[in-house]
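Pasting the structures in now, so scroll down.
Across the two complexes that follow, chain A remains constant while its partner is chain B and subsequently chain C.
Presenting the complex of A and B:
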C-alpha cells in the first residue's frame, strides 16, 4: 500500500561545515501526498536548507553534521544520491538565471530526462506536453535568456516537472517576479497539484498568495519549526508573525486592526474574496466613516533635477525598451517608479546615469544633457543602488568598500575618514567595518552598498528593486533608510513592483509598461487605477481593493493601507434602554 | 542586455547542418595545412578561404573585425621582426646568400640604427601572419555554427568521455555569463566615481585586473550553484544516458570527410615530393 506521506522528517538537525550554529534544529514534519505546503520564515530561518535537504543536497553536497532522517517516498536522503532522488523530487531555485543550464528551451526540458535515461521517443513526446502546460509552447528553439523572468521561472518549473516527480520543492521561486508573475506561478502549481496529485513544498514571502493557494503553512524560525497549520491559523497568529519578522496578508492585517477598534469581526479572513465578503457584512452592521488621511497630491515647487524629453531607446538587437518617455523629477521628491518585469524602469534609470544613451530624445540632469557628463561625474551626484548587492561589492572589507568611491573622487584622507565614519554610522555598520562584505547577510550587504553610495553625498538616490528577496523586516529597514535620506532633502526614486510597501514612503507614483509611462500622478490616485495597473501586470495591494469595496457603498477618500481602511469602521453605539 | 549566445550564428547554412565531427576534422585539416605550408601565397589563400567560410556561415562581421583588430598588433610584430631579423632562416629556406632589402634604418638610431628590412623576411612574416589568421578564424567557424547540446552528442559519438564533453560545452555556455558579470562589476565601479573614460591604457588594464578578484569569487559561487542545480537535475557525469539530439552523419558529412582526407594526403604528398607550399618568393 502506498503511504499517504511523501516526505517524513524525523528529528532533523543540520550544521553547515565551518559554521557555529545549526541551520535546522529538531525538525519533525510529515508532508502528505498531493498537498501544497508553504514554508515561511525570516531571512536566515533555514528555509533554503530545508529545501536542499529534501533532495539530499544537504548534506550530500555540502557535508557538515546531519542528525535525524528524511525519507522521501520511502528512500532515505542520506543513502540515495541526489541524482537518483531527482526521480522523486524536483527542485526549483530562487534565481531563474542560475538554474538554467541548456542553450534552448527544449534542451532545458530534455536535460533532466536525458540524465534519467528516458528513451528519446519519450523525451520528444514530453517536451511539447510540458511546454504547453506552462504556456511556453512555440518557444522551443528560443535561448532561455531571451525569455522574460516569469517565463524563465516557468521554464525552470517545467524542467523539474518533466521528470514527473512526486514532490516539487521550490525555494522562493517568486521573489524576483512582478505581481502578475507571482500569481501566474502559484496558479500553475495549483493546476499541477490538482491534475497530477503533485506535492508542492514552496518557500516565500508572498503572504497574500500563500494564504490563497497553500493547504498548509509551516513557520520556521532560526532553524526550528515553530508552527504548522492552515493558512487561516498561521496568518491570524499575529504575534507569532510579528516575532518572526513576517507580515500577514493585508486583508488579515486590515481585519485585525478593525477588531482592535472594538468592532466585532466573526472570523479574520486571510483571502481577498473572503475579505470582500466580510466587508460587505460589516457594512450592514457597522458605522462607516471617512477617515482623515494625509494629503499627497501637492506638487513640489522646487527646481527640476532630472528630466527626460521624448526619450526613445532601442537595444542593438532592435528591442524597443523606451518609447517617448517624458518625465520631470523635482528636487526633494520621493517617487515610486513601478511596472512589470521588463517595463523599462531600470533602462530609464541607466539613462539618468549616462550608462545608456538615448536613441532619440534628451535626458537632462540639473538642466544639462547627461551626455555632457562622465558616468563617474553623474554617479557622485546620482547614487544608484542596483538590485543585486553582490554585483556591487568588489573589495575585501566594508570600510574599503565605502572608501572606494571617495578615493576615486580624489578626496583628502581626512575627508575620506570623516565620510566613512559618517556613512557607516548612518547604516549601522561600524561594528563590521573590517569584515569582508560578502560574509555578511544579504540585508547587511545591501546596506554596505548604500553606505558606499551615501559617502559620495549624492543629491539623488535611485534604489532599483531594493526589497527583492528581503523579508518584511529587511524590506522595511531599507525603505526607512530611503525615508531618512528623503527627510535630509535628497531626491529619492525607488524602482519596485512591491506596491504594498510604498504607501508609507512615496508621494508620487510613475507607472511604466512596455517602455512607456502609463501613469504619473500622486500615489493615491495611481493605486486606485486598478484597470490600468492590471494592464502593466501590477496588482494593487489588497487594502486598496477593500477600500474600493467600501467606496462602492459609502463615499470615502482613496485609501491605501490596512490602517486607513480599518479607520473607516467604528462600532455602533447602542442606545440606552 | 546580456551577451548570452556567445556569437552563435543566426543563419542556416551548410556549416550549421554539418555534424560537429566534420567540423572538428575541418579544424584539424586547416591546422595541418597551416603548419605544412610556408608559402605566403598558399597561406593567404587558406586564410581567405577560412575567412570566406566564416562570412558565408554567418559569423558576425563585427566579431571577425574585433578578432582581427585585436590580433593586428601581433601581426604587425610578426611582419616587422621577420622583416628585420629573419635573415638566416630565409636564406636557408630559399638557398640564397643575399636577400632583397626594402629599406635600412638610419645608422644614428640608438640600438636599431643600420638594421635592414628584407622582402624575404617580410614575406616569411606574412606567412606566419596568415597561418595565425587561419588558425584563429577556424575556431569560430566550427564553434559558432554548432548548437552546444549537439556539440556534446557529437563528441560523445566520437568517443570523447561525456564529462569532458560536458565541461567543454559548459565553457561556451558560461563564458558569456562571466563576461556579462565582468561588465556589471566594471559598471558598478564606474558608479562609484571611477572615471574609466579619462584613464590611459595602463590604468585601464590595472582596473580590469582588479575586477578579476570579484569575478573569480562570483565564478566560484556560480560554479557551486551550478553543481547543486546539476545534481538536482539528475546529472552525475555518467555517459550512460539518453540523448535528445540525434546526431547522424549525413552524406554531405561523408563527402566532406572524404574530400578533406584526400586533400590532406595530396597536400602532404605534393609538399614532400614536389615541394608545393614550401617557402618561396616570386622575384
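Presenting the complex of A and C:
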C-alpha cells in the first residue's frame, strides 16, 4: 500500500560545516502526497536548507552535521545517493539562469532525462508534452537566453517536471518575476498538482498568492518550525507573522485594521475575492467615510537632473528595448519605475550611467549629454544598485568592497576611512566589516552593495529591484535607506514590480511597457489605472482593489494602503440610526 | 541560526554516496577548475625564446587546482583543462603541446601532495625525486655535454633549484600551513611561494625533456637568466590573485571541502 505521505521529517537538525549554529533544528513535518505546501520565513530562517535537504544535497554535498531523518517516498536521504533521489524529487531554484545548462529549450528538457538514462524514444515523446504543459510549445529550438525571465523559470520547472518527480521543491521561484509571472507560476503548479497528483513544496514571500494557492503553510524561524496550518490560520496569526518579519496578504492586513477600529468582522479573509465579498457585506452594515490622505504629489520646481528625449535603443540582435522614451527627473524626486520583466526599465537605467548608448535620441545628466561623461565620472555621481547584488561583489571582505571604488577614485586614506565608517554604520554592517561578503545572507549582500554606493556620496541613486528575494523586514529596511537618502536631498529612482511596497516612499510613478512609457503620474493616480497596469502585466496591490470596490458604492479618494482603506470604516453608533 | 540546546535527533554518519567524485573531490569542482585552466589558456603572458609561441596564464593556477582538489583530482582537472586549452588556444600550447598537458598534471599532483597529516605523507617524495633527477639531467647535460658555464647554468635555473630546495626542506610544510591559515595575508604568502615552488619543479621537469630534444646553446641560457624568474613571478602573482579569491570564497560559502584539499 502506498503511504499517503511523500516526505517525513523526524527531528531533523543540520549544521553547515564551519558554522556554530544550526540551520535547521528539530524539524518534525509530514508532507502529504498531492498537497501544495508553502514554506515561509524571514531571510535566514532555513527555507533554502530545508529545500536542499529534501533531495539529499544537504548534507550529501555540503557535509556538516545532520541529525534525525528525512524519508522521501520511503527512502532515507542519508542512505540514498542524490542521483537516485533526483528521480523522486525535482528542484527549482530562485534564479532560473543558475540551473539552465543547455543551448536550446528542448535540450534543456532532454538533459535531465539523458542523465536518468531514459530511452531516446521516451525523451522525444516527453519533450513536446512537457513544453505544451508549461506553455513553451513552439520555442523548442530557442536558446534559453532568448526567453524572458518568466519563460526561463517555466523552463526550469519543465526540466524538473520532465523526470516526473513525485515531489517538486521550489526555492523562491517567483521572487524575480513580475506579478503576472508570479501568478502564472502559481497557476502552473496548481494545474500540475491537480493533473498529476504532484506534491509541491515552495518557499517564498508572495503572501497574496500563497494564501490563494497553497493547501498548507509552514512557518520557519531561525531553523525551527514555528507553525503549520492552513493559509487562513497562518495568515491571520498577525503577531506570529510580525515576530518573524513576515507580512500577511494585504486583504488580511486591511481587515485586521478594520477590526481594530471596533468594526465587527466575522472572519478575516486572506484571499482577494473573499475580501471583496466581505467589503460588500460591511458596506451594508457599517458607515463609510472618506479618510484623510496625504497629498497627491507635487511637481518639484527644482532643476532637471536626468532627462531623456526621444530615446530609442535597439540591442545588437535587433530587439527594440526602448521606443521614444521621454522622461524628465527633477533633483530631489523619488520615483518608482515600474513595469513587467523586459519592459525596458533596467535598459533605461543603464542609459543614465552611459553603460548603454542611445540608438537614437538623447540622454542628459545635469543638462549635459551622458555620452560626454566617462562611465567612472557618472558612477561616482549616479549610484546604481543592481538587481543581483552578487554581480557587484568581488572582493574578500565587506570593508574592502565598500572602499574599492573610493580607492580607485583617488580619495585620501583618511577620507576613505571616514566614508567607510559612515556607510557601514548607515547600513548596519559594522559588525561584519571583516567578513567575506558571500558568506552573508542575500539581504545583507544587497546592503553591502548599497553601502559601497553610499560611500561615493552620489547625487542620484538608482535601486534596480532592491527588494527581490527580501523578506518584509529586509525590503522595508532597504526602502527606509532610500527614504533617508531622499530626505538628504538625493534623487531616488526605484525600479520595482513590488507595487505594494512603494506607497510609503514614492510620490511619482513611471510605468513602462514594451519599451515605452505608458504612464507618468503621481502614484495614487497610477495605482488606480488598473487596466493600464494590466497591459504591462502589473497587478495593483489588493488594498487598491478593495478601495475601488468601496468607491463603486461610495465616493472616496484614491486609496493605496490597508491603513487608508481601513480608515474608511467606522462602527455605527447604536441609537442614532 | 539556533544553537541553545542540543538537537533531539540522533546524529547521522554522512557519506558522499554520489558516484560523481574523483578521489573525494566533487566532479562539479573538477569541471569548474578545469574550465578555469582552459579559460586562462587563452591568455598569453610571455613568449618562448627560440621556438616562438607563448606561455598560458593558466600556469599560475595549476598549484591552486592541486591544493583545492588534492593530488589525483587536481591532476585530472588540470589535465582536462590544459588538454582542452592546447586545442582551443593553440597559440599558448608551445612547441610540445603534450608537455604542456603533462606538466599541468604533474604540477597539480605535486601541489596536492603537500599534505600535513599522516595520510599520503610520503607522496611528495617521488615528486621531489623526479624533479631532482630532471634537474640533474638538465643541468648536467648543459654543463657536461654542451659546455654551458656552471655559473650561467645555475643562474638560468634559479627558479628550478630554488623550487626544489623549497619543496624538499620543511618549507614545504610551512607553505602548506600558510595555505591553511585563517589569516588572509598568510594565505597569500602561501600562494605566492607555493606557486613559485610548484611551477619551479614543474619547469625543471619540462625543461629536461625539451632540452633533450632541442639542446639550445649557452647564449640562450644567458638570455633566460632574467626572463625565467620574471615569468615565475607573474605565475606567483596570478596564483595569489586568483587563489586568494577562490580559497576565501570557498571558505565563506561553506561548500563541502574536497577530501584531500590542502587549503
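Assume the second predicted complex is superposed on the first by the 575 of 577 C-alpha atoms of A that agree within 3 Å, B and C clash if a C-alpha of one lies under 4 Å from a C-alpha of the other, contacts with A are read in each partner's own complex, and residues count from 1 in each chain.
Note that in this section a contact is a pair of C-beta atoms (placed from the backbone, for glycine too) under 8 Å apart; a residue touches a chain by one contact, two chains touch by 3 or more.
All values derive from a computational prediction rather than experimental measurement.
By the touch criterion defined above, A:93 reaches chain B but does not reach chain C.
Legend: residue contacts after superposition of the two complexes on their common chain; A:224 is shown touching chain C, with no touch to chain B. Applying the stated contact rule after C-alpha superposition, one finds that A:64 touches chain C and leaves chain B untouched. Within the superposed three-chain model, A:118 lies in touch with chain B and out of touch with chain C [touch as defined at top]. Judged by the touch definition given at the top, the superposed model places A:438 against both chain B and chain C.
The partner that reaches more residues of chain A, of the two candidates chain B and chain C, is B. In the superposition on chain A, contact of A:80 is made with chain C only, not with chain B.
Looking at the shared chain after the overlay, A:25 reaches chain C, while chain B stays out of its contact range.
Look at A:452: by the touch rule set out above, it reaches chain B but stays clear of chain C. In the superposition on chain A, chain A positions 60-61, 81-83, 394, 438 are in contact with chain B in one complex as well as with chain C in the other. In the complex of the two chains, the chain A residues touching chain C come out as 10-13, 16-23, 25-26, 44, 46, 59-69, 78-83, 222-224, 394, 396, 435-439. On chain C, the positions that touch chain A within their shared complex are 1-3, 7-20, 26, 184, 244-245, 248-249, 251-257.
Residues 52, 55, 57, 60-61, 81-84, 86-87, 89-91, 93, 98-99, 101-104, 106-107, 110-120, 123-124, 127, 143, 145-146, 159-160, 163, 315-317, 319, 353, 355, 374-377, 379-380, 384, 386, 390-394, 404-406, 408-409, 438, 452-453, 456 of chain A are the ones that touch chain B when the two sit in their complex.
Of all residues in chain B, only 1-2, 4-5, 147-149, 173, 181, 184-185, 187-198, 210-211, 213-214, 217-218, 221-222, 225-236, 240-246 touch chain A in the complex they form.
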